[in-house]
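Both complexes below contain chain A, partnered by chain B and then by chain C.
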Partner chain A sequence: MATAILEQLINGAMMGSIYVLMALGMVLIYGVMHVLNFAHGVLFMVGGYMAHLFFFNLTGSYPLAIICSMITLALIGMVLERLIFRSLRDNLRMQIVASLGLILIIQNGVVQLWGPHALQMRPQTVDSLVKVGQLSFTVQHFVIIGVVTLAVTTLYLFLTRTRLGTAMRATSQHPEAAVVVGINPNRVYTITFMIACALAGLGGALLGPLFLIFPQMGDAPMLKALSAIIIGGMGSVPGAIVGGLGIGIVESMSTLVVPTDYRDTIVFGVLILMLLIRPWGIFGVRVRGEH
Partner chain B sequence: MKPIYSLIAAIVVLVVGALAPVLFGGQPYVLYVLTLALCYAIPAIGMNLLYGYTGLVSLGHMGFAGVGAYTTAVLMKDYGVPFVPSLLAGAVAAGGIGLLVGIPCLRLRSHFFIVVTLAVGMILYTLFNNLDGLTGGAEGLPGIPRPQNIEIGSLVIEFRSLGGFYMLTFVITALIFGLQYLLVRSDFGRSLSSVRQDEALAAARGVDVFAHKLFAFVLSAAIAGVGGAMKVLFLRAAAPLSFELQESINLMMMLILGGAGFLVGPIIGAITFVALPEFLRVANQLRLIFFGFVLLALARFAPRGICGLVEAAYRKLSNREKAVVAHP
Partner chain C sequence: MGRLRIAAALAAALCAQAAHAQDETVTIGIVTAETGPLAAPGKFQMNGFNLAVETINGAGGFELDGTTYKLELQVYDTRCNAAEGASAMQRLATVDAVPIVLGELCSPVAAAEAPIAQDFQVPLIITVPTAANLTEEGNPFFFRINANNHQLNRALAEYIQANEIKPLAFIAWNNDAGRGGVNGMHALLPDDYKDGYVGYFNVGEVDFSNHITNIRNAGAKGIMLLMDEEPGALAIRQIRDAGLDAQLVGTLAMGSNRFLDRLNATYLNGMVQYNSFPPTAPIENIKAFNDSYKAKYGEESHGFAAQSYDAVFAAVEAMKAAGTTTDGSAIRDALAEISFDGVIGPIKFDEKGQAAPPVYITEWCEGGDRKVIFPTELASDCGSG
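Let's turn to the complex of A and B:
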């Protein structure tokens, strides 16, 4: 039993790290510009495809493929923000409509280009194993946990230590006041979207090799990340981290108790329970009259 | 539009709709697609009451449709219950689940509510997929019987043929449409609109916001249940894939395409979304990409859908006429 728990703990930490990446991206976008980007899952998927493309067709090196995938996604994010989301900032319903449109275009566009079948990509890290006691994990498990920890730390330092990060936080707290002190909110919005999309791309490039790369690979992580930011508290960066890891671990641990098929039911059940008890989330602040 | 024009339009649509089996008698494919479009128009009308008139977004509505569908299907298939009571039971079951979800969740603010409906839809889908004893699991329930013939004296009305089933779906859609019409035009419907426009103001004017939202949600879920039941009866099989997240999203897209908040919006949306691409013979993926761009364009330029565009054009035209009269 103890080994089973340890196994699911590490699996949970690995999936949780992926959810953290997705959740951080969505929280940044939501926190800074009040846009709920339901299309974040397909950007994650595109990250997987980009990593595949760069790995096999251009660089042949997995780390370089990851970086190229992040850069591509950042550029895609810039285009999306400028062309679509900037004009829909105060309209939640139309943001959803636009996200749904984007999902259709990107997901079916990928099917057109690469076909509906899953792609395989096995860098060295997937084939080599690490033994922990009686258990063995792929190196990729620990690569994911490590890279995500690094990314989260970098993002934290960026947000707290750099001028740009401070500008982002200022805009999220009070856009008008940010303008007064000389911040250009449109520039901040573009950069926020670029960072968020790059994080999604990183997630896809990290998870793709471990599972498979296919058009729907981002759907489940997007829903889990959405649950994570709600459990953590909409707009809260620490909330996204705790929520994402928590969901990953709850999800893995639940397989010890219930059949795997009901894993998602447990996660969404926890989400609904949380919304009923504490709708403003773990780290969220209760705003009077908002809930 | 003047009431007389609306009345004429309604009569024309009813007559043409009722004559469709005669008009397209030789083209079963056309009737097939029209029936399928109507099967989506029913839950889309339910969605319109919720989204178009009350302002709530639900991304799990096909889950409720699934509850209605499986209830009706199991009653008819395994217990031999006749069609009408089975359909009503399906509507009640879907509405009941709606009530269970609505009471705790409708207190949540907009985006939280959207995510909850999404989660509920996912949970219902998982249940359809895994409760093998009740729903047949991933394989679904095949061989669902269509309603039995009605015999009035020597007159036999049959529902097993395509034309007969189309008529049945048409009549049910018309009834649900009538329900929508009555509700929206009533005082209650106006209170619903006030909730959509400004919740706080509506509450200040003495509208019980929560009760209105709950009623709209439960009714909308029950109507979705009717739509789901008609769909599985038409396809003669119930499968979890008919009620997955993507289907809920498609439903939302139909409504937005047609025009949320317009009486005919859901019907125009369902027919445009289901029927038009079938007739244009476009490959499925290309059609979805095309609809993606349509949605982006709608979000950006025409948030009120096809009906909104028509209305704007009509206003422009009638204003021009008036202007001509005013300045001869």
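Let's turn to the complex of A and C:
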């Protein structure tokens, strides 16, 4: 049993790391811009396709393909923010409709460009194995955990130690006051969207090679990330980290005691429980009038 | 001069009408998943339909009462969604007024389309869904050309018992195909084979690590994978990477060169799978189909394509036998009676509308070839499965 627990702990930490990346991107966008972007999952998927494209057609190097994927997604994020989400910033309902529409447009666009078959990408990190006692994992499992830890640390330092990060936090807290001290909110919003999309690109580029790259690959992680940010507290960066990792580990460990097809039921059961007893989440702040 | 012109114009119009009467078009309705999570197997289905239409039209069409008919397809994407399938079926029956509908990829969607086929008296031949109960509803307008779960599992259950692969674990799609497959195998196997693990996953899920842990805990000697090509390749890689060396047992989706390309011979060596269409089997119809498929699509053929290809020929045979290209009821009656040699084997529907094509078991050899191991009279060496 100890072996099974260790195996599921490592698997849970790996998937939880991916949820953390997704949740962080969504939290940044929601926290700074108050935009709920349901299309974040398809941007994660595009990250996988971009990594595949750069790896096989342009660079031949997995680390370079990851970086190129992040840059491409950042540029896509800039375009989306300027063309779509900027004009819908104060209209939550329209943001939801637009982002749901984006999911269909992007997914079907990907099917048109790459076809319906899933793509495979096998960098060395996926083909090499690490033995842990009787267990065996791909190196990619640990690459994902390591890279996400590095990305989260870097993002934390960026938000707390740089002028731009401070500007982002200031804009999220009080946009009008931020303008008074010389911050350009539109620039902050664009950069926020770019960073969030780059994180989605990083997630897709990390997970795609371990599994498959296909048009729906971002759907499930997006739902889990959404649950993570609600459990962690909408708009809270520590909440996204704890929520994402927690969901990854809970869904993995739960399969040791309940059938695997109840895995999602457990996760969303926890989510509903959280909404009932503490709707503002673990690290969220209760807003006056909120239940 | 004026009269001459009028006469010439009339003659030309009559000639055009005569030529038109000699070359009519029949539109066949198609329902399948062109987008959504099952778009990939839907593509194989479409490849089969398109190749059959191209073959028939390329040979000049088919003749009925002195008129030559060519085929065209009216395709609707159901996305494996029951509501969209029902809506597409209704549209084909009413707006497009097609005489027959073929296709469907998913059992629940086929179940939603079947009553509409009956209501509007348009025969529906499904070419991929395997849920056994579909043809048990007593719907006279519903036919299935491919083998159902019971037919597919029977030979495999014999093989599993003969080789004492027990306890047996399952990783299966959480849908009619997966759950139906597990139930079907459980019904065919003695109790001591059922002590292994049963795990279901949703379409689109790709992480099998939880199942692997549970299979390791259960000490299963064999793992049956009830899923399609893409998750199958992924599951096998994760099973082997995790150090499990249990006997792998798969579906027809896992017996092709395309599957080998997704993995490699080391991962597949010794794996067995049921197969309704072993593409390199030494069977004339299969070889011919494989050649024309490869010439058109540049890859080895697929069972879903072969089944769909045969469905188009079944539709044409029925229209010829019924003597009509428009009367759905007459075409249905003819379908119930026809019998012909298809690519997948002899096609003849029983009183419930279920065909009984041959089912094979193939095994992966060490070098990445396959061989047929069942039926035993067709058992062959590596390289011919």
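Note that the second predicted complex is superposed on the first by the 290 of 291 C-alpha atoms of A that agree within 3 Å, B and C clash if a C-alpha of one lies under 4 Å from a C-alpha of the other, contacts with A are read in each partner's own complex, and residues count from 1 in each chain.
By definition in this document, a residue touches a chain if its C-beta (ideal position, glycine included) is under 8 Å from a C-beta of that chain, and two chains touch if they have at least 3 such contacts.
All figures in this text were calculated on a predicted structure; none of them were measured in a lab.
Trainee: Let's test your reading of the overlay: on chain A, do chain B and chain C clash or fit side by side?
Mentor: Chain B and chain C clash in the superposed model.
Trainee: After the superposition on A, what does A:227 contact: first (chain B), second (chain C), both or neither?
Mentor: first
Trainee: Is A:98 touching anything from chain B or chain C once the two structures are fitted on A? First, second, both or neither.
Mentor: The answer is first: A:98 touches chain B but not chain C.
Trainee: Figure out whether A:108 sits in contact with chain B (first) or chain C (second), or with both, or with neither.
Mentor: In the superposed model, A:108 contacts both chain B and chain C.
Trainee: Tell me which partner A:129 touches in the superposition: chain B (first), chain C (second), both or neither.
Mentor: Only chain C is touched by A:129; chain B is not.
Trainee: Is A:261 in contact with chain B, with chain C, with both, or with neither (first, second, both, neither)?
Mentor: Both partners.
Trainee: Quick one: classify A:57 as touching chain B (first), chain C (second), both or neither.
Mentor: The answer is neither, since A:57 touches no partner chain.
Trainee: Which parts of chain A are in contact with chain B and also with chain C?
Mentor: On chain A, the residues that contact chain B in one structure and chain C in the other are 107-108, 111, 219, 259, 261, 264.
Trainee: Spell out the residues on chain C that touch chain A in their complex, using ranges where they run on.
Mentor: Residues 34-37, 39-40, 42-43, 174, 198-202, 204-207, 209-214, 216-217, 230, 233-234, 241-243, 262 of chain C touch chain A in their complex.
Trainee: Across the complex, what residues on chain A touch chain C?
Mentor: 1, 3-4, 7-8, 11, 15, 107-108, 111, 115-118, 120, 129, 131, 134-138, 211-212, 214-217, 219-220, 252, 255-256, 259-261, 263-264
Trainee: Which of the residues in chain A end up touching chain B in this complex?
Mentor: Where chain A meets chain B, its residues are 36, 84, 87-88, 91-98, 100-109, 111-112, 219, 223, 226-227, 230, 234, 259, 261-262, 264-265, 268-269, 271-272, 275-276, 279, 290-291.
Trainee: What residues on chain B touch chain A, complex-wise?
Mentor: Residues of chain B touching chain A: 57, 59, 104-105, 107-112, 114-116, 118-120, 122-123, 126-127, 129-130, 245, 249, 252-253, 256, 285-286, 288-289, 291-296, 298-300, 303.
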